[in-house]
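Some structures are shown below for you to check.
In the two complexes that follow, chain A is the common piece, with chain B as its partner first and chain C second.
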Partner chain A sequence: MKTAVITVASNMSDKTYDRICNGFAEILGEISFEKVIDDKIIGGFIAEIEGEVFDMSIASQIAKMQKQISN
Partner chain B sequence: MPKIQMEEIGGFLKKRIAEFQVEPIVYRSGTVATVGDGVVRVKGLPDRLYGELLEFEGGVYGMALDLEEDGVGAVLMDSSDSINVGDSVKGTGVVAEIPVGDSLLGRVIDPIGRPLDGGILDCDEHLPCERPAPKIMERRPVDKPLETGILAIDSMIPIGRGQRELIIGDRQTGKTSIAIDTIINQKNSDVICIYCAIGQKASNIAQIIGTLRAAGAMEYSLVVASAASDSPAMQYLAPYAACAVAEGFMREGKDVLVVYDDLSKHAVAYRTMSLLLHRPPGREAFPGDVFYLHSRLLERSACMSEELGGGSITALPIIETMAGNISAYIPTNVISITDGQVYLETELFHSGVRPAVNIGLSVSRVGRAAQHKAMRKASGSLRIELSQFREMAVFTRFGSDVDTTTKKMLDRGNILTELLKQPKSKPYTLFEEVALLTAYRNNIFEDAPHTEIKRLAGEMLDFLHNNCASVENAVNSTGDLDEEDANRLADSLNSFKESCLNGEHQ
Partner chain C sequence: MEGLVISDAVKDLIINIINIIVLFVIVRGLAYKPVKKFLDARKERVANELSEASEAKQTAEEEALKYKELIEKSKAQSTELINEAEHTAKENAAEIIETAKQKAAEITAKAYQNAEKERENQIAAMKGDITELAFDISRQVLSREVTDEDNMRIADAFFAKYQG
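Now for the complex of A and B:
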């Protein structure tokens, strides 16, 4: 069975976390989840599934925005 | 009006932020398993490409060169100080690429396109460093000369646009000088020049850039530099990056000259990388594909057909030999790939023959067809004459009694040797080269003492600039010397000789 590692900030509610997990389970089928808490990401989440990373964290989005503005 | 500017900036920022869309950033990732000697083993990282750039923590880049089932072996572009075991590694999804375009002219960049001369690089277009060579049907024969401005080379070892001519010799024999002089001589032609330094001393690179700037050559040139302190991966990538930049220009139908200085150090950098990646060593510990390493690079030099714009890439790779041994592994490899070589000799260099070209061992396999008509007429059988002279000079070293024919041949040979000597960064125009060779043919210097020939040749050229300007313009613009002009040139030379005999040039 695949494992998805979901990194979230500590301020995320359990309800939101469950919604994220359900969303992935709907797309990918049977899957187990592992929760990692990292406040460096500020908010949002990062999901890693077997080497593929989906980064929806606030920290990365800000970094991306900074890059786009400075270009 | 600072207020308006503030509003402008605010509006600009607001617009940019409004344009920003929140989208998931998707990439593949792995973790660092081992780090050492500039080589990193990465666990995980599925679906990566061969040669893909990997981003490590701290903004360090690496190149994936060993693809295995459960991981990747990568070489680092920068120092490995900031990388720890367990760090995450991002796959960028792109192979190493380099910016291309006119805005690179005058710049100094590293092999992954970062400017080394300060400021930013304004380039929209990128090309991958590793690209396939042009196919057979896309090419056409070399038919246009690339003037080096060096008499010994233009007359006897002519180089054509699209040719690959190796410059080979021991250390301190003037290999780089020939390449740099050639770049400087492209000033009034339409050739774009790229100097690629591979594993060179940073002080040398700085000096070369200084020389090019001082000669005004940076306007149409650029430098791709990897210094001796850069990682082997950077040194390995440098010539491919330089070639990709050249291909960018060639695609637009331009003629490009690329100097790879030097490929011996490139082979050594590749050997370092291969050994660290645990690839099996072969002869002299080089990996098995060291021939392909250089052949795939030099095959990318080409003269493109008219339908494809008719651009060209001329390559001047440089190889450093040890104690004159041109039959070592890497020199023989590159000699067999290129279309000829200019062989420089320590002995000649120290006896004052500069450029120290050994004519006997130097050849150009395609350039003759591309030579200017005027030069072809003037040079004739120069090569054979010089070879015979060198042979005879060695022979007569043992005894002083020689018959008159031999003596005459030796005298002519000495005159030719003197005429072929040329100081650094003083390229001749086509007309000057043709005039010097015609003067030699017409025995203008036959009675002059050998030590005076250099001075007289200079005075002769000044004399011709003043008295033969119409011929000069015709030769330099058409590349041909018709019969009428040839007679006019011969007359001018004779009148110069007469004025010499009358004591005007003592």
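Now for the complex of A and C:
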């Protein structure tokens, strides 16, 4: 069975976390989840499934914007 | 014979005249030619000496003129050399000054260029620092301001993209 590692900030409620897990389960079928809390991501989530990363964190969006401005 | 009587005084006179004539003839015969020859020789010698003196004077004058010309020529050459040297020195000085000016201008331009580049680098570094600071502040503010509703919206948007 596939395992998805979901990284979220501590301000995320269980309801929102469940929404994320259900969303992935609908797409990928049977899958287990592992929750990691890291406040560095600020908001949103990062999902790592079988080596593939889905980065929807606010921190990564800010980093992209910063890179664009710096260039 | 009475008619031929001559007084003693007249006799003496005649004898004296005859003596003088005889003496004149003798003296002329003996002394005139040598004396004339001596005088002619002296005259010729004096004339020669005068001629030589005149020639010497003329030669001396010619030499003096020649030396004067040489001196004038030397002076002219000296003046020309001095003028040429001054001209060359002025040209060299002008060239040196021009080269120095160009070098100074190049150094100044390079200094300005370096200063401008340094200023641009500093501005770029400052911009980078300011950007970094702004994003740090943004992160801190967002850490406080992001709500669970925001998280839900992000999740909905993500799955809408994959499920839609």
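Please note the rule applied: the second predicted complex is superposed on the first by the 71 of 71 C-alpha atoms of A that agree within 3 Å, B and C clash if a C-alpha of one lies under 4 Å from a C-alpha of the other, contacts with A are read in each partner's own complex, and residues count from 1 in each chain.
To be clear about the criterion, a residue touches a chain if its C-beta (ideal position, glycine included) is under 8 Å from a C-beta of that chain, and two chains touch if they have at least 3 such contacts.
What you see is a predicted model; the values in this text were computed from it and never measured.
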When both complexes are superposed, which of chain B and chain C contacts more residues belonging to chain A? C
Please indicate which partner A:Ile69 is in contact with in the superposed arrangement: first for chain B, second for chain C, both, or neither. both
Touching A:Glu26, do we find chain B (first), chain C (second), both, or neither? second
Examine A:Glu48 and indicate which partner it touches, taking first as chain B and second as chain C; both and neither are also allowed. first
Check whether A:Met12 is in contact with chain B, with chain C, with both or with neither, and answer first, second, both or neither. second
Just chain B (first), just chain C (second), both, or neither: which does A:Asp39 touch? second
Give one of first, second, both or neither to describe whether A:Met56 is in contact with chain B, with chain C, with both, or with none. both
What residues on chain A does chain C touch that chain B touches too? 54, 56, 65, 69
In the complex of these two chains, what residues of chain A are touching chain B? 48, 50-56, 60-61, 64-65, 68-69
Inside the complex, what are the residues of chain C that reach chain A? 128, 131-132, 135, 138-139, 142-143, 146-148, 150-152, 154-156, 158-159, 162-163
Residues on chain B engaged by chain A in the complex (per definition of touch): 13, 16-17, 19-20, 22, 24-30, 44-47, 90
Contacts from chain A onto chain C in the complex sit at residues 8-9, 11-13, 15-16, 19-20, 23, 26-27, 39, 42-45, 54, 56, 58-59, 62, 65-66, 69-70
